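One chain, subunit A, appears in both complexes that follow, with subunit B as partner in the first and subunit C in the second.
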Partner chain A sequence: MGLFNTLATALGLRKREVNVIVVGLDNSGKSTILNHLKPDLERAADIVPTVGFNVERFKAQSLAFTAFDMSGQGRYRNLWEHYYRDCDAIIYVVDSSDKLRMVVAKDELDALLQHPDIRPRRIPLLFFANKMDLKEAMSSVKVTMMLGLEKMENKQFHICASNAITGEGLSDGIAWLTQAAEGRQSKT
Partner chain B sequence: MAAKSNAYMGSTTSLKQIDKSEKWLDALSDPLTSLYTFNSSIALSDLNGDGDSKLIVADLGTGTYQMKLKVFRGTSLMSENTLLDLPTGVVTFHMDTTEPRVPAIAVASGAYIYIYKNLRPYFKFTLPTLEVNPSEFDLWTQARDDLIDHATLYDTLDLLRKDVGAHCLTTRTQHLLMCRTPEERQTFIDAHKYFIVKKRTVITCITTMKKNMAEEDAVSCLVLGTESCQVYVLDPEAFTLLMNLHLPSVPSILTVTGMFDVEYRMLIACRNGKIYTAKRGMEEGRLTAELSSQPVGLERREKSFLVGCMDDNVYCFSNHGKLLWRLRLGASLLCMTTMELASHAQKLLLVSLSNGEIRTYQDRQMVDSFQLEHAANALRFGRFGREENVLLIVDQAGGLQVKILRRRAKFEPMETASALTAGKELKLNIPKKTKLFVDQTMRERDNSQSMHRIFQYNLYLLRLEAARQYVKSLQMSLTPVTTEEQPVRLAAQVLGLGPMFKIRVELQNTSALKIVQDLGIRVHADEKLYQVQRRFMHAPILIPGVTYVYDTLVEFVSDLGISDQVRVFITRGTQSRPILSAVINMPVAEVAVSA
Partner chain C sequence: MMDKKNEEDGSGNPFSNLEKTSVLQEARTFNETPVNPRKCIHILSKILYMLNQGEQLGSTEATEAFFAMTKLFQSKDVTLRRLVYLGIKELAGVADDVIIVTSSLTKDMTGKEDLYRAAAIRALCCITDTTMLQAIERYMKQAIVDRSVEASAAPQLVSALHLMRSSPDVVKRWSNEAQEALNSDNVMVQYHALGLLYNIKKSDRLAVTKLVAKLTRSAPRSPYAVCMLIRTACKLMEEEDAGTESPLFDFVDSCLRHKSEMVVYEAAHAIVNMPRTSPRELAPAVSVLQLFLSSPKPTLRFAAVRTLNQVAMTHPAVVTACNLDLESLISDVNRSIATLAITTLLKTGAESSVDRLMKQISSFVNEISDEFKIVVVQAIKALCLKFPRKHGVLMNFLSSMLRDEGGLEYKASIADTIITIIEENPEAKEAGLSHLCEFIEDCEHTSLAVRILHLLGREGPKTKQPSKYIRFIYNRVILESAARCQMDSDDEVRDRATYYYNILDQQQAALNNQYILNSLQVSLVGLEKALQAYSQGPADQPFDLRSVPVAEAAPTDSRAAAPEGSIASSRKPEEKVTATRQDVFAEQLSKIPEFQQLGPLFKSSQPVELTESETEYVVQCIKHVFAHHVVLQFDCKNTLNDQLLEDVTVQLEAADGFEVVATLPCARLEYNVTNTCYTLIKLPDDLMATVGSCGATLRYVVKDCDPATGLPDTDEGYEDEYLLEEVELTVADHVQRVLKANFGAAWDEIGDQNELEDTYALSAMKTLEQAVKQISQFMGMQACERSDKVPDGKSSHTLLLSGVYRGGAEVLVRARLALSDGVTMQLTVRSTDPAVSEVIASAVG
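And then the complex of A and B:
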């Protein structure tokens, strides 16, 4: 069985699986981003606040992503850490128009990076500075500064401004994530 | 390299967070908002019904000009409305059941309440006018008809002020009495005399009370305290007075729980330093607690309430007015508010002190504290933006600070247990009441009357017995002093160690003039024990004031080691009945040493 899987993957018949967790504060647009990454037929018309978490699957280039769409509400945030162990990549979504709660986003990110399941691993982190269409939105550079990403060590990260409703900037981010995940898998 | 940079970061953070709490995240610190406001003039509410809570501030401006109603959304100012007069309080409430459920803002200012809906002026409510003092009304009517001149009007009003007090007069009269020069008065009177004089009161505090449903977005009534010592409840739809409560003093802080149509309980802190309670159906407030100084803040708990006072203490009273505990703050209290953490089911007290410290107390234990650059004038904790636990601080320099409580923050007592017990008052170790004690108490309570009677009866018996003995001793002449026809005092003493004693008898005539004559002194003792040398001595005359001394030797003749009494009688002439007597208790005699 193991031999068959390896063979199928090597021949490109079967896509490699990557587990991704999608985290961020409530109302930052995690479910909307994942909704936009799904094929047109499966998209939902209305996005409601996530309760607990949802599991979404989508394909990009040679990889099959299994995304855990975690709820960002305060009372569900302690669920995040239970999924850190088995994830291969993290997508962190930030509402770039919410200046007030940028400190909360930074606090949650710091807690994530300090977690024992994350800290020793060189795991790719993709940041979406979402809601770039709003007039009070900050640029991705400003978001990088406010989250203190330049001080981050031992991780590779990429940040891109996005608009989850129109899908702007999403493909750019996913392309980087695919590349980072592939490089990581080929190494192991 | 990594370790070095880590150390560097660590040092900077520790330098920055000297007095900062680990529990709060600094979301915003804007020293340039220039807000001048107090606790009562801040509200947090979801004004647009979009789940994004806004900050509503009634800004006092400079205190004279530039009064504004400001609404902040996140970090930015969203709208600004000019206010006509100084605001005393701001509340948000649902006044109807129309969809979408958008709350209205009520701003209390002077004698008016301005209602804003969708951030636009909607309605103005005026408090009912009060009765004008009849003589004041007459004076202004006469002035209008030019029956009296300005000087007379001014002087009579001034007399009236001295008579009834300035607070009983209308604002127009008060204003006139403040004019210094006759010209000023003249212009003032000319400008105002054609209008009917009215007496208005001023709103001192405002709060809300749910009408008949307990839901968060249910229709609420407005509750107002006024300068005329009254509390009004207003109907939210028709804006009619639903209830009018009278108080002995001016209310300054109001808190209400319950619903108007069901049951409610108001706590009213007044300017006379007393706290009154009112329930549904009461026309007058019931005195609940008396404070030693003026109240600054009033916060309600389940079965108790907390009062912060100007004497730098926070007092906790039960709902019945019993003082449960007291907390010393050590600095002046500027304002206080309740921090309700639904996730931890905790209700904490936030206090702002004049030294710029913000402290958090759970009951009487300090659980957190942090230092601000300027002392905070106003504190408000609640939902702001999309975040549940946000603390908004307006400091004395006019800056606005927003702090967000960290998700993992827990409030636990900072002090150690030993420090706490030292601060507490030690309880006296009173033993339990035994059954015997209780029985005795019960018996005493039941038979108190008969017990008293028995005691009195015995007391009378004792007195009677004492009187009888006294009479008997008088009749037997057992006393050493006589006052009858022979005023003589007798003093007898025994000298020596034995077996040979000397008995010395002193006689004195105690009268001023009368001479006592022909007295005989007899010494009587048991012959088996004592041998008396001179059994009879004759005292022929006693001159007043002089002490006569008579001695006799008494020898102890028995070989038993005992002692007895020796009696001395004074007789007169041939009478056998003694006029005086004395009993001498002889000491035990020493054994004679034969030479």
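And then the complex of A and C:
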């Protein structure tokens, strides 16, 4: 089985699987982003607050992504860690118009980065500074500063301003993630 | 050799010998990506198997396994996903944070995959709690009215029923959807919808009545729903105490003509079980059941005959109409049906048909299961009580049943029946005892043998030839020296051996009489307490057994308690040593400082009502008799919701010689709360003066209060009083019932030095039974040697009574009764105390 898998992948017959967890505060747009990444036919018409998590799959270029869309509500955030160990990449979604809770987002991010399952690993982190279309939205640079990303060690990261409703900026981010994940996988 | 071993392994259960830790270790495979469905299915099956075998997981273990399992949601494998649902349901109770799968499940239950939806709904209901339910309520409601029946509506309705228990308020909001589902074409959905609707409205009787009324006008198509409707209707009728004139009865009656057999049976069953039905209303139901009796379907025959069997208890006459059909069922290939048919016939049949029926039963009794054999035995028991003259045939039959194979329960029920027959019917005694003797010759059930030996010990000496039974008893005795028995490994053997050995060693007839022929009569709990107190205090004088409260003799009347003709509950062979009601009272009273010096509690009377049952205040009195005092316990209840009573006492106008020593008020008496106040009375020394009555008045301070909150309007109350009925102290209050197993020995033991004898004419009594009952009641004494049972058709009878008077004096009474235009009684009283003899004799006069 193992041999067949590698062979099929090497010949390009089968897409390689990547596990991603999607986290971020509630109402930041995680489910909406994933909804937009799915093929048109499978898209849901309306997005409701997630309770717990959902599993979504989407394809991008040479990779097949399995995304664990985690609930961002306060009482479920402590459940994220159950899914840290097996992920190959993290997507962190921020509501760039929500200045007030940016510190909360930073807190949660720091807790994530300090987690024993994450800290020692060189995992690619993709940030979406979502809701860029809103008037009061901050730029991605401002968000980088507020989250203190420049001080982050031992991780490669990328930040994109995005609009999950129209899909603007998403492909850019996913392209980077694909590249980063592929690089990581070929190394291992 | 090798092959053989492999074969054995292969044939066994692949999941046997699973070890918890290793299986949980394997569960980590779930975390791997990509998911390997084949492997995961196998592991998950192992976990499920393990859980269903009763393996318990700790909270951490379960949580870890649960979260590993949630990763499997990424696989699209249908089998795996369905196993995951099962896993979620199993672990929902143990693991933490199970709500994590809520969104995943809601997605599956609203998704396109039909295979997922039903299972997802069920799993969701297991993990959800009240707060979460509100968030997903929308989906739940949608599922109820979903058009896809198997996948959604039916399971959702059932799940909603389960959720009623945890979150009734949320589910109550779904009644519109349930109402809509009730109009569904699917029989199952209709049934479950009705079930849910009923449960939602259960607490509101008006709503249920409306629902039932509406549905009875246009009955649902689903036969299941109609059955449910019939049950609900019957329950309503019962609650409203409605008779057959109720429209609901018409509905049930009309269901007798329904096209579904299930509904017809349900309706017939309902009608025959209604409490107040006349033969006229019963007739159609019974005739429907009669039709079923000849149905080709065994289930219908069974249901019908079983129901008729029950009805035969209450309305034997109506069932007689079916006798012909029942007769033909005796040879039914299904033995359960045959048994029920015969026992029904036994209940309805006449005395003349007993012999024939018994012959028929014996032809197949070996082929039926123990459970049905017991049914047969019980029918025979009822028959024996009904036709005492038939005891010969029946007893022979029972003894042959005793010889056959069978479990303990079956054998016990036969032995019980024989014992009952012996007790009820003196003519059957000798035959019954010899059957039982034969049985214990080869009996594998020790408990039964012990019971029968005990019976032989009790009844044997009174038969014509006691020596006949000694052989059987000897056969069971392992003759050992008393010294060895005192070192037996069984506690009870050891204790009894020591007890009897020491008494016999004294070689005193008096001791033998008191402690062997008649066993120890004190309350064991009381004895333990008294000994404990004695061993702690200074011990100048020997322990006085008379200071220990006497145990009240257990009521022995089994037949009077059970309604005539029904299966009398089998009597417990031995009494359990538990704290009796009196011990509980003794405990309560000893906690009150004023009552601590009174000594041991001698007797507590049954509660006596001092008010009518539906008055403003309800007061009950219990009389606790001590050596020289009486404590009157008044249990008071205030039934006025706008009054708060304070400082409640009962004031007594004591009769001559009685002295009220203390009254303990009850501080507060709130609405509908029972509370207690006490009055302590010192009894006069002259025994003849200890009988009398005292006027009683309830005194209290009233505060008006708000009915809703129970808080008083003002701090000031006013005094008031309420007249109660008189409190009476009778002779019976001073006497404790004591059972003497051997009355003759006790009678001779006391001797005639304090004997009183007199003859009375009891003109008010019309029958011997009435006289026996009244005399026992007046004196408060225990009838011995079953002398409270008057054989039918006798014109004279001897009643033997035994008791202990307050202070510890034994008293025995022999009353010779003769029926002659009223009852004439020659009363002989013996006691260890002359004054007591006098008091007891005065009780009748």
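Definition applied: the second predicted complex is superposed on the first by the 188 of 188 C-alpha atoms of A that agree within 3 Å, B and C clash if a C-alpha of one lies under 4 Å from a C-alpha of the other, contacts with A are read in each partner's own complex, and residues count from 1 in each chain.
We adopt the following convention: a residue touches a chain if its C-beta (ideal position, glycine included) is under 8 Å from a C-beta of that chain, and two chains touch if they have at least 3 such contacts.
Computed from a predicted structure; not experimentally measured.
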Which of subunit B and subunit C A:104 touches, first, second, both or neither: first
First, second, both or neither for A:133, with subunit B first and subunit C second: neither
Which superposed partner A:117 touches (first subunit B, second subunit C, both, neither): neither
First, second, both or neither for A:79, with subunit B first and subunit C second: second
Which superposed partner A:52 touches (first subunit B, second subunit C, both, neither): second
Touched partner set for A:27, first subunit B, second subunit C, both or neither: first
Common ground on subunit A, meaning residues reached by subunit C in one complex and by subunit B in the other: none
Subunit C residues touching subunit A - in the complex, by the definition given at the top: 31-34, 36, 67, 70-71, 73-74, 97, 99-104, 106-107, 132, 135-136
Interfacial residue positions of subunit B with respect to subunit A in the complex: 2, 5, 9, 25-28, 74-76, 343, 384-388, 402, 404, 406-408
Complex contacts: residues of subunit A adjacent to subunit C: 1, 17, 19, 49-55, 57, 66, 68, 71, 76, 79, 82-83, 85-86, 88
Residue ranges of subunit A in contact with subunit B within the complex: 25-27, 74-75, 77-78, 98-104, 107-108, 111, 136, 151, 153
